[in-house]
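Both complexes shown next keep chain A, but they swap its partner, so chain B is in the first and chain C is in the second.
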Partner chain A sequence: MDANPQSTPMLRHILEEFDQCADLIFRSFPEIRTDIVYFPSIVDQKLFTDEILAPFAQVQLDEVEQLFQQSQFTRVTESKTVIEGILAGSAAIFHEKDIYLLNIYGPKTRDVQQSETETIISGPHDAFVESAITNISLIRQRIKSSHLKIKEYSVGEITKTSVYVLYIKDIANMKYVEELEKRIKRIEIDAINDGGMLTQFLEDSPNSVFPQFLTTERPDVAVSKLAAGRIITLIDNSPTALAAPSAFFEFFSSPDDYYERWALGTALRLLRYLALLITISFTAFYVSVTTYHYEMIPEALLRTLAESRNRVPFPPVYEALLMETMIELLREAGARLPTKIGQTIGIVGGIVIGQAAVQAGLTSNVLIIAVASSAIASFVIPSYMMSASIRLVRFGIIILAGIWGNIGIAMGVTLIVTHISSLTSLGSSYLTPVAPMVLGDWKDVFIRAPFTFLTRRPSQSQSPNPLRQIKRK
Partner chain B sequence: MMEKLSPFHVAVLVYMSQIGIVVFALPRQLADYFGTNGWLVLLPGLLVTSFNIYLITLVHRLGDGKSVFEIMERSIPKAVLYPVYLGLCSVWLIFGCMIGKKYVLLFQMIAFPTTNPMLFKMAVDVLLFLLIIKGIFTISKAATFFFWMTFWMYFLLFWFLPSFSWVRLTPFILQGGHDQVKGALELYTAYLGYELSILLFPYMDKSKKSLAAIYAGNAFLSLLYICLSLVCFGFFSFGQLKKLLFPLLDLLGYIQFPFIERLENMLYGFFLFLILMTVAMYWWGALEAMRRVIPKLKIPVLAFLLTVISYCISFIPKTLDQVNNWILYLGYAATGIAFGLPVLLIALLLLQGRRVSRV
Partner chain C sequence: MYKRLSAVLLLLLVLLLTGCNSDERILEKLGMVQTASYDLAENDRLKTVYSVPVIDPESSERRQLLKAVTDSLKEARVLLSKQIDLRLVSGQLRTVLFGLNLAKEGLGDHIDTLLRDPSIALGVQVAIVDGEAGELLSKSFKSNKDTGTFVNHLLEKESSSNIIPPTTLYAFTRDYHDDGIDPIVPIVKDQGDRAGISGIAFFQDGRFVMKIPSKDGIIFALLRGDIKQGELSINLGERNGRKVRVMFSSMLNKRKVSVQHLGDNRFKFIIADSIQGSVLEYTGHEDLSQSKKRHELERDVAEYIRGKAQEMVKKLQQNNVDSIGIGQYVRNSLTYKAWKSLDWSKVYPGVEVECRIKVTIKDYGKYM
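Here is the complex of A and B:
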């Protein structure tokens, strides 16, 4: 590498810094006494040609200074800034004693596709991708307002991952923005790889099983959260956006609710709360009743239940745990395998559990119904994180039901309620709008009232501008 | 974080600390002590409790919402106050503990006759410990959540309307009872819990609505008691009601669905939420009093010690009868505190006011 003699000390230092980085390119333009250093892997090749190659080929030595006066060239002096710039996708241009950075960042990214984890029936189908800039563009396309503010931070000593905090000025409460900012700045770690990982550094109680930041891959959800006065955090190289502050009940709403007729949206929401109830209690209740409270089963049903259980050699709690574990294994295997094989696993597993286990006398078919209903119900919950948390908690309730029957279930529920009562999201109550009680918010939490009634932003966001629409008279 | 308890939460807290184990036996006690149409006695009960709450609100008004402990400490030397605090703590702690023990014994009687009740008691105490260490705001949130989780149960009373008969109420009023004074004192424990609202002053809004919320919580409870007792008097015959140990459980036992019956087994689990909140509030009161005596001890440590002490004490009464006796006597003491504490505080506040005006 033959460097321009006048800028040698700095250039040499930069090249030493990137020693053994095979993907680094160093190009020299001796006629205009200019050298360029950049990573072709993270720059946009077209931009490189248009902004650097083409002008440099045409320009004369005496015109170079003038060229660098253009605003896209940023003059820098410190070597640290130059290194950071090159790593962030800029080309470092060394001309005589001066150094300029030109941002030509353009890494290879996945095209915007449908979300795999948050599929919906009606409504926009685009989903976030790994590039934060693309994700921001998906949001900007939807919010054409100068009030949409974006703050950028760098997290991770090695990865230097960009984290963006998005909020709408005058709608979001700055108290939350500042709190989130404080928490982001506090993170000291070598690498952050995903939004899910970042959440655990930002949440109020990272050890809790329940997620306190709502995660989404859908830009329309992110936009609706921003409009509600919440704050969105995007992280580069992750399709996951984090919304905060969030409440427990928020995890049970889906964007579909607003795209359907209100009656349908309401019915769906109620269905999801029913699903929560079934997920948590159905299998546990089966265990409780068949272990301790047979008297609760009406006579006609008792015979069926007794027949289905008479060949099973285990106590109901073992039987239930066995089946629940089996379902979880199937679910996990289905999630890890390619889609086509995943489906096969589902069918094979379904047959094994549904028929063979019953015929072999390992389990009763009533339990199969209970376990399957619980599993199906758990997938009705729109947030994958919340659904996974609830499935995990369910195991505890089943064990408690096996130990002490109905009172065990009640104790388990008490534990959960006590725990979630103490949780906060960015310092605001996780149980909003139940505690603190805000009856006005119920119409957009437990039901989805017609839009004419949804005039205010949720109380949890403590928006300085709480009115979201003017009521028609 | 909730900075202040809103009036709604105050009302829910008051109601949730009041409703407890007594509700199972209340209609029988009314029938037994006061005779026919004994449910009418609940109306003067509401008046007396409302008067007591009036005294409490007077403390709030005169003391400008200050903590009751601060008011006492301003006029009375700590050496004198410590035994008072210890007394308050003991009564509230053991009263709560016995309520928990009675629930556990009842549950053992219904579903687990061979299990050691102290095992259940330990589990309940662990839950209570986890709840009280989180402080009054978490207790309030949990109380509100439990309130809504149990709210639907009131609608079960409609189930009995087709079988309700006015004839069973009889045209006689308060005939066939005995020991009315003893009965009245015993029944008063059904209302207890509202007196703890005096400790909520520093945590609630200073508005009139918060004080009204205490009345509202108590009124809601009274309304519930009246509805429940009325249904029991009209569903069971008077003679039958007198003989039923826990009429509420028998009442719930009548509910049948095609896929489930003997609902009392399940609903008894729901009552855990109500009882837990009652005990949690009493224990929180005990904890608040003890914190004044040993302010340097961390709350979880103090709460743990109190929980262990109460657990050990709960070994003493073995049978349901013994527990009932403990509840009865501690109920007298708690009633005494309910009236005595506000009266003492009013007297102190008047004295303090006079001293200030002289200065």
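Here is the complex of A and C:
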């Protein structure tokens, strides 16, 4: 890879900089006194042939200058720009004293596939992939408007990861865009690997259990958020898009709600809030009732409950924590293993815990029902981040229920509500539209009203253009 | 930083509180009294029987009985808890049975003791046993081994169909303390192979005064207030050589009471009942699809009910128990001062009560 003796000092400097980068290619075309430097690993091979190899083979020495006048060749002078260009997938072309960059970026990417974490029944099935350019194309395909603006930032001292901020001009509030921009620029770290990681640098309260930026893998969700006046942040090499500002209740809506008929959408939404209630309190309620509030048990249930507890050697709170931990172990093991083995683990684990543990007298079967239903209920929550947070919080409530019974549950829920109401997302209240109360927004939060009623964008996005449809007369 | 650390430490300290928690009532370690019975023993002492469910699924017994003779209600609990390896609690109490002799002595104090315990629900059923309450509770009937639970279900079912009035601890104390109404309680009796409801007991000042048989319960319910459900079997005697029986069902009653002040502490009451219902059984000849014949039957039924009701009111007046609560109507029509100066229990036996019954047959079956 040694430079020929006639090479410019600039070329020599560049080659020194990339010393010991085995994948760098340096090619010379002596007839036209041109040298090329590029990384074949990140360039598109076809583009390289069409744009460089073919014209260079035909061109005569005196025509070269003319060739470089074409617009795809960018003339640069700074060595730093050249290095950055090469790293970003350009070929650097050295001709006599001039240097040109030609962008032929084309890395290997995964094809657009179905979403694994946010599956829906009806509606578009494509999901974001790792390449941000592909992801942007998925959004551009859906929003054919010049108002869709995309700002690019580079984050990470070493990785120089591209972060894109997407918003629709005149619909998104620029206040939020500026705030997000400020936070992105503030990040100083060597590497950022995923959107989930980026969130923690952008959120208002990174130490809170609850996610304040909605994360999604679905382009249709991203588009609906953009249309609602929210801002989408994409990060290169991650299929996770971040939507902000987000409210707590947004995590409980699924795109399905809008693709189904409104009555069904409403029913599903109510079902999810019921699931939230079950996840948070069912096991805790079992603990508090069997430990403290025997008076609350209906007569018909008394014997069943007492009989099932009869052989259990631990107090209810330890029994419940044991089973909850078991379920979490199962879930985690299932998530880490390949799908087929994961299923086996699920079945074996389910049978072992569900049957054998009860028969051995380690737990009561009523608790198994409580634990299983609260685990199932937790998976009903569409956002994986939110569902994980709530599952974690549940442990705290179970412990509180074991200490103080129903008062403990009330205390735990109070703590959660107080905490949530203190959270903000990009400076806007996380508990909108409950606190501050915006009754007009409730029809798209607790229920999914018919589209004729959903005429305004959510108040949280403070859109300068809040009307989203003209009411039909 | 110190602030956070101390907050975490505080939280950990709070967890230690579990260790010295005496409020714990772990389900399987509790002896939950489901039915309690109290009888009068010698020397004014109290004979107590508790029925506690046996939780062990391998045991053939469904309940265990704890018995003691003590001076007071709560002393019994202290004594009885020494007979059982479980912690005796009264939060699951469903039924309280009192023996007839104890009821004659007066239940006021005992009801008061029950109310004082916050873990005892106000929805507990209160009943009188014709005979010894403890004996009935201890007896195991063939059809239902757990007599306490059986009686509880029996009372709940019957009071929901208005054959007996709802008689919870709450209703009893409300009527006991209220002016112008006296409490009532159902009577349960050992009927050989099963326990059954034999009637309604009437109380004055917490003391048992009189009773009526359970078949008259619906008449009393019609006098006492509005009902939404009820059945009445009526024997209209012989008509044209045929026994006429009517089963009047799905009864809906609206009661109106009006008071007339006749002066000089004399009152006249008009209890107007407007009853709707359907005829489920009719053994007479008449064709009920003719409205004329139907109205005749309506009048007959109304007359039958009116006669029964007048009879019952008279009996109540003779025993000086105002369980219908007409005293409340007098009270509401008087100033507080006038009511206080009125000795209702003296006036009540002499007041004039007129029952006006209107019966409407909504439907009479589909046959013919």
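Going forward, the second predicted complex is superposed on the first by the 466 of 473 C-alpha atoms of A that agree within 3 Å, B and C clash if a C-alpha of one lies under 4 Å from a C-alpha of the other, contacts with A are read in each partner's own complex, and residues count from 1 in each chain.
Keep in mind that, in the parts below, contacts are C-beta pairs under 8 Å (C-beta built on N, C-alpha and C of every residue); 3 or more make two chains touch, one makes a residue touch a chain.
Model, not experiment: these values are computed from the prediction.
By the touch criterion defined above, A:Pro436 lies against chain B but remains apart from chain C after alignment on the C-alpha atoms of chain A.
Counting the residues of chain A that each partner touches, chain B and chain C differ, and the larger count belongs to B. After overlaying the two complexes on the shared chain, residue contacts for A:Lys169 are found with neither chain B nor chain C. Looking at the shared chain after the overlay, A:Asn406 reaches chain B, while chain C stays out of its contact range. In the superposition on chain A, contact is made by A:Glu295 with both chain B and chain C.
When the two structures are aligned on the shared chain, A:Arg183 is found in touch with neither chain B nor chain C. In the superposition on chain A, A:Lys149 makes contact with neither chain B nor chain C. In the superposition on chain A, A:Arg303 makes contact with chain C only, not with chain B. In the superposed model, A:Ser422 makes contact with chain B only, not with chain C. On chain A, the surface touched by chain B in one complex and the surface touched by chain C in the other have residues 292-293, 295, 297, 405 in common.
Within the complex, the chain C residues that touch chain A are 14-15, 17-18, 21, 23-28, 30, 32, 34, 53, 55-57, 89, 91-92, 94, 119, 121, 149, 152. The part of chain B that touches chain A in the complex is made up of residues 1-2, 6, 8-9, 12, 107, 111-112, 120, 123-124, 127, 130-131, 134, 138-142, 144-146, 148-149, 256-263, 265-266, 268-270, 272-273, 276. Residues 292-293, 295-298, 301, 404-407, 409-411, 413-415, 417-418, 420-422, 424, 427-429, 431, 434-437 of chain A are the ones touching chain B in the complex. Every residue of chain A that touches chain C in the complex is listed here, in rising order: 289-295, 297, 299, 302-303, 305-307, 309-310, 312, 315-317, 399, 402-403, 405.
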